[in-house]
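Shared between the two complexes below is chain A, which pairs with chain B and chain C, respectively.
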Partner chain A sequence: MRPLTEDETKTMFEKLSKYIGENIKLLVDRPDGTYCFRLHNDRVYYVSEKILKLATNISRDKLVSVGTCFGKFTKTQKFRLHITALDFLAPYAKFKVWVKPGAEQSFLYGNHVMKSGLGRITENTAQYQGVVVYSMADVPLGFGVAAKTTQECRRVDPMSIVVFHQADIGEFIRSEDTLT
Partner chain B sequence: MGRKLDPTNKVKRGPGRKSRKQKGAETEIAKFLVDEETEPKRLSSRARKRAAKRTQPSVPAKEEAAKKQPQKGFTDENSEWLKPAKRKRPADESDGEEDSDSEWEQEEDEEGVVKGAGLEAEKADEDGEEEGEEEEEAGGDEDSDGDEEMVDDYGATDDSSEGEGDDADGEELLPIERAARKQKKLEAAMEQESDEDEEEEEEEEEGSGSEHADEEDTVQANIDEMDRFKLPDAEDREKEGLLPLDLQSIHQRIKDNVDVLSNFASKREEGKERADYLSLLKKDLSTYYSYNNFLIEKLLDIFPVSELIDFLEANEVHRPVTIRTNTLKTRRRDLAQALINRGVNLDPLGKWSKVGLVIFDSSVPIGATPEYLAGQYMLQGASSLLPVMALSPQEGESVLDMSCAPAGKTTYMAQLMRNTGVIVANDASAERLKSVVGNIHRLGVTNTVICNYDGRQFPKVMGGFDRVLLDAPCSGTGVISKDPAVKTSKDESDIQRSAHLQKELILSAIDSLNAESKTGGYLVYCTCSIMVEENEWVVDYALKKRNVKLVPTGLDFGKEGFTRFKERRFHPSLRLSRRFYPHSHNMDGFFVAKLKKFSNTVPTLPPGEPAEEETVPAETETPAPSKESPKNPGSKGKAKKPLKVKADIAKGKVATNGAVAKKVAKKPEAVLKKIKDGKKKPKVAKEGTETVKEVKAEETNEGSKFEKNMGKKRKTLMKKTNRLGKNKFKKFKKLLKKEVA
Partner chain C sequence: MLALDKNPPSIREFRENKKDEFLRSLARDNAQLLLNEIWKLPTERVDEVIVAKLPEPTTRLPREKPPPKPRPPTKWEEFAKLKGIQKKKKTNLMWDDVHKEWKRRWGYKRAKDDTKEWLLEVPETADPNEDQFAKRNKAKKERVAKNELNRLRNIARAQKIKVPGIGLAPTGQQSKSELEKAVHVAKLSTASVGKFQDRLPKEKAPRNTGKKRKFQPLIGDFSTEKQKQLDILKIMDGKKPRLDINKAVNKQMREEDMESDSKKKALPAVSSRAKTRAILHLWAGGALRKARSSGLLAGTQRLRSQRGGEEGLFLALGPGASLPLVRDPAHGSPSLLHRILSKPRRTCQCQGATNGAFQPD
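Right after this comes the complex of A and B.
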């Protein structure tokens, strides 16, 4: 476990900012204590300093996870957000998409969101903007990338994709083994 | 999803049922019309049925009728059957008919009718019976349609034939009336089943053979078979081994056997020992429920006979599915509403839990709803809520969960702590930790460190926890309904092995605790086993080896832990622990004990203490030889307890004189502290003096020789110590003080 390098921090923050914009600073400066990002087994964990101190007792090979896993660095040093980060993305998300109850299940199985399943979408969403996907009952279901701007969404036919799927909470079951 | 599924189902179901019903009514009417015209024909068909049944060997056929009821009786719907109180009824009512006010009118009717209509039949011999009964029926039909079916024994007791019987008899009744009657009959059948035996017995005593015939067929059958319960002798049993097993007769025999055992004085057969009955019962139980002998014997030690049957029956039934609301993400009311909207039928778990919900049935897979994936609830047995409630972790504490997979309890702790403080979730299996990671993230728990140590090494990694939860790996005898393989796969060595592991784990769990913690210092030990070896014994062991005491668990239900079990006597405070059983609490078998650590010092640590259990190998933790050399025998003696002496004896060759001396020199401070506490004063003092002498002796003698003699000496010493006077004690105390100074 080690702190992120400059590059890694940059890559990760760039990725995060696609979803939560400048709200990143709310993640770092929290009123309830210091939180920090740590790298362990290529994965980035977001953890309180207090817990971190305790975790240092544990040898590297025995430590499985600490705090919340945000995602992992690929071999090509790109950062990939995991669904486990959703708890921190959802409250700060700038752009949101709500899916209709009928399309919920389809999204939870890893499919893109179609226009037909689109319930609501934040105004002024740009194309390829990172969005957090909610159910109509405001339960965060995952996140993805807007395939079209809000304006375009109004016009397209029902079967066209409006949000590209990136991660959904179905992965807690589907890819339990690779979460960490 | 559920919304989609529901309508389709309804569409399919609705018309199908309806049409079927209508058809049934039509055919019934048709039958009714036809019947009047061709009554002989109908009778003959029934007679044919009878004949068919008669041709089979009489015993099994009759038993079948008797048998069907018990099996029905133990389904989940009849939860009353799972309770021991009901079970005792037949025994209480041993005098049968007179005192059974609840005897059903129907039954009385039956008898009346039978006696009236079938007098000839009474005297008819076996071959003639058939005809006689036909006559009976004919008479009954004419007399009263309503009561006739009661005469029809098959209708009254046997479900399969019931329908047809009803068709014939209940033509004039509305369907709903018939349904009501059917249910009534079912109840009656259940009742009868218990009463029948007694009736039979009485009649048998009277010795009137003619009485038999006027009973219904089923009753008759039973009379033939087992008037009064007789123990089969050795020859019979041998024969049994050769013949194919008849489970139903075995079940009947179990019931009778239990009946006799619960009223042994009055119902026993002359000249038969209780042991005879018990051995037969054991054999029958293991065949009927397919347990191995070892487990049945173990269970028989734990439960009284009648309760044992309830327990075994409860193990055949699955416990209800329960979920726990994740209060970090939602509230129970909201969750319940959301699930109800998905077509889930649920109810709050009980008064004792504010987060539990019971799922009765569901049109959607309960482990894959969007609510589940969003982490709003966790699928978790009711029993696994209990240890966490007992632990009651507070906000801001540091808590250790020693074997956490699959994190049901860990996440419950986190939600009680509202995601503050630290939880260290440990598990020995890396494979199972994957589900831990998934669940912890899914439920939005952020205060955990997940690690993969062997629990036994944990004190070396980290210590000073405010609370520790040890859900020890166990033989799983409490969750047989979940994993029936336990029935046959466990034997003595398995129990011993897990008990040994548990003892190691509980010590290391205690060592990870911080007794000085302001809010905590608590350990909750729980297992999903009901074996005494894995529960009370382990806790008792911990009480002896560490400075811990039992405290109330805070759970207001459950049975008290054993303080005495067979030849074992445990610390009296063990009644503060709680046991939960499938048959009495409708949750998995479980054991919960809450311990408080009151001192961080480890009282005594000989390298091996086989006093408890000879199979236990030497402790991993060997005490470092203390630096202060023994100044006088008194100081040595203090730390040494009689148990240890025993240990030494057992170890024999291993413990050389020197080694013993070293051990003895260990930690006089710990004992001193105790003395200051004042609580354990006399005890320690006693032990002290006792051991002082021993040590003296030890120094003079040669090692192994001494150890051989020691046993005798110890006994005599014990006596001496019993006479320890006040003066002696004071003297001894002074000595101690001096030494400390």
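Right after this comes the complex of A and C.
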């Protein structure tokens, strides 16, 4: 476990800012305690200082996970967000998409969101903007990337993809053994 | 004691005669031969028993590994074989006339040691200022180096590796990594060790330069760490253009859409004027009759606000800027009757689009 280097911090923040914009500041600078990002096994964990200090008692090869896993760095040093980060993305999300109850299951099985399943979408969503996907009852289901702008969404046919799937809470079951 | 009969038993006899008899006779013959051999050994009498003294037991084991292959001949050995040159054994020691004793032919303390001379004759053709001792040392070093090179070439030839030439000849086609390395070396080869060398726009920093990565401590100063991250965020924010062109274009498009929508809405309203008028009568009690066009506008606005109330539930949950996607029916007519009529049809469409498999007939 180690702190992120400057480059790593930058790549991670750039990825995070696609979903929560400048709200990252609220993650870094929290009034309720000191929280920090730590790298362990190529994964980035968001940990409170207290838990971090406790975790130092555990040797590196025995430590599976600490705090909340935000995602991982690929071998080419790109950053991939994991579904575990949803708890921190959802409250600060700038662009949201609500899916209809009928399309919820399809999304939770890892499929893209079609126009037919789209309930509502934040106004002025740009193309390829990172969005957090909610059910109509405002339960965060996952996140993805807007395939079309809000403007285009109104015109396209019902079977065209509106949001590209990136992660959904179904992964907690589907990829239980790789999520830490 | 072990006796081995290496002769193969004749299979024909084994099959023809009685098998037991044949084997018994064979065993008897062999036992006789063994006893004959024992009687050939020296014997002695111990307590009236004749005892033969057996030889020391030996067991010859086969070797574990195959014998090593002969070393491939060197270039000289090949040449010598071709020319029929044979090695002549020379004595190790030879008589040294100067010291009047036997000395080694070569090596340390050898006879006729030319390195021990305190004086050297300068040849007539040579430069008089040249250091003859240094010249001899250099010649010796070169001979050693040449020998070493030949040795390596012999090894390379034996292992069928491409025999390296002398010096660093440029290869015909240098690979990307080789070129990168060459560029890096060339850049560092300035008086200031490449400190003031410009970089190309997309040039990457050379990897594996021997510098180790250094990380911050795991539990260090949390406040400086936070400050650093905030600084990074500030820089990232600063990089974003103040005017997001995409967003601006989208906004413009949306405004145009709204305009065209409102125009569309206004047009059919004129055609269904009679219905609208009836509703307006109900609502305003004929008070708005005098200004028909303006009253119509007010009616539409009221209708819109009603619709807003219906969806205000979602608006309250979501952020302020969220747009209900469920659009008005294509007619865009503000008439209430039309709206009521078209509502069940709309829900039907939705069902069909979302979950066609479970649609009831």
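The rule is simple: the second predicted complex is superposed on the first by the 180 of 180 C-alpha atoms of A that agree within 3 Å, B and C clash if a C-alpha of one lies under 4 Å from a C-alpha of the other, contacts with A are read in each partner's own complex, and residues count from 1 in each chain.
The rule is short, and it goes like this: a residue touches a chain if its C-beta (ideal position, glycine included) is under 8 Å from a C-beta of that chain, and two chains touch if they have at least 3 such contacts.
If you're wondering where the values come from, they're calculated on a predicted model, not measured in any experiment.
Once chain A is used to superpose the two complexes, chain B occupies space next to chain C without a clash. Contacts of A:166 after superposition on the shared chain: neither chain B nor chain C is touched.
Contact comparison for chain A: of chain B and chain C, C touches the greater number of residues.
Panel annotation: after superposition on the shared chain A, the angle at the CA centre of chain A between chain B and chain C (CA centres) reads 100 degrees, nearest 10. In the overlay built on the shared chain, the residue A:22 is in contact with chain C alone; chain B does not reach it. Once the two complexes are laid over each other on the shared chain, residue contacts for A:135 go to chain B alone; chain C is not touched. When the two structures are aligned on the shared chain, A:158 is found in touch with chain C, with no touch to chain B.
Of the two partner chains placed around the shared chain by superposition, chain B is the only one that A:84 touches, whereas chain C remains out of contact. Think of it this way: put the two complexes on top of each other by chain A, and the tightest Cα contact between chain B and chain C is 6 Å. Those residues of chain A that touch chain C in the shared complex are 1-3, 5-6, 9-10, 13-14, 17, 22, 24-25, 28-29, 34, 36-38, 49, 52-53, 56, 96, 98, 100, 102-103, 116-124, 126-127, 136, 138, 149-151, 153-154, 158. The residues of chain B lying in touch with chain A in their complex are 1, 3, 338, 368, 370-371, 373-376, 398, 422, 424, 430, 433-438, 440-442, 444, 446-453, 461-462.
The part of chain A that touches chain B in the complex is made up of residues 47-48, 50-51, 54-55, 57-59, 62-69, 83-84, 87, 101, 104-105, 108, 135, 137, 139-141, 169-170, 172-173, 176-177, 179-180.
Within the complex, the chain C residues that touch chain A are 213, 215-220, 222, 225-226, 228-230, 232-233, 236-237, 244, 246-247, 250-251, 253-254, 257, 314, 317-319, 321-325, 327, 350, 353-355.
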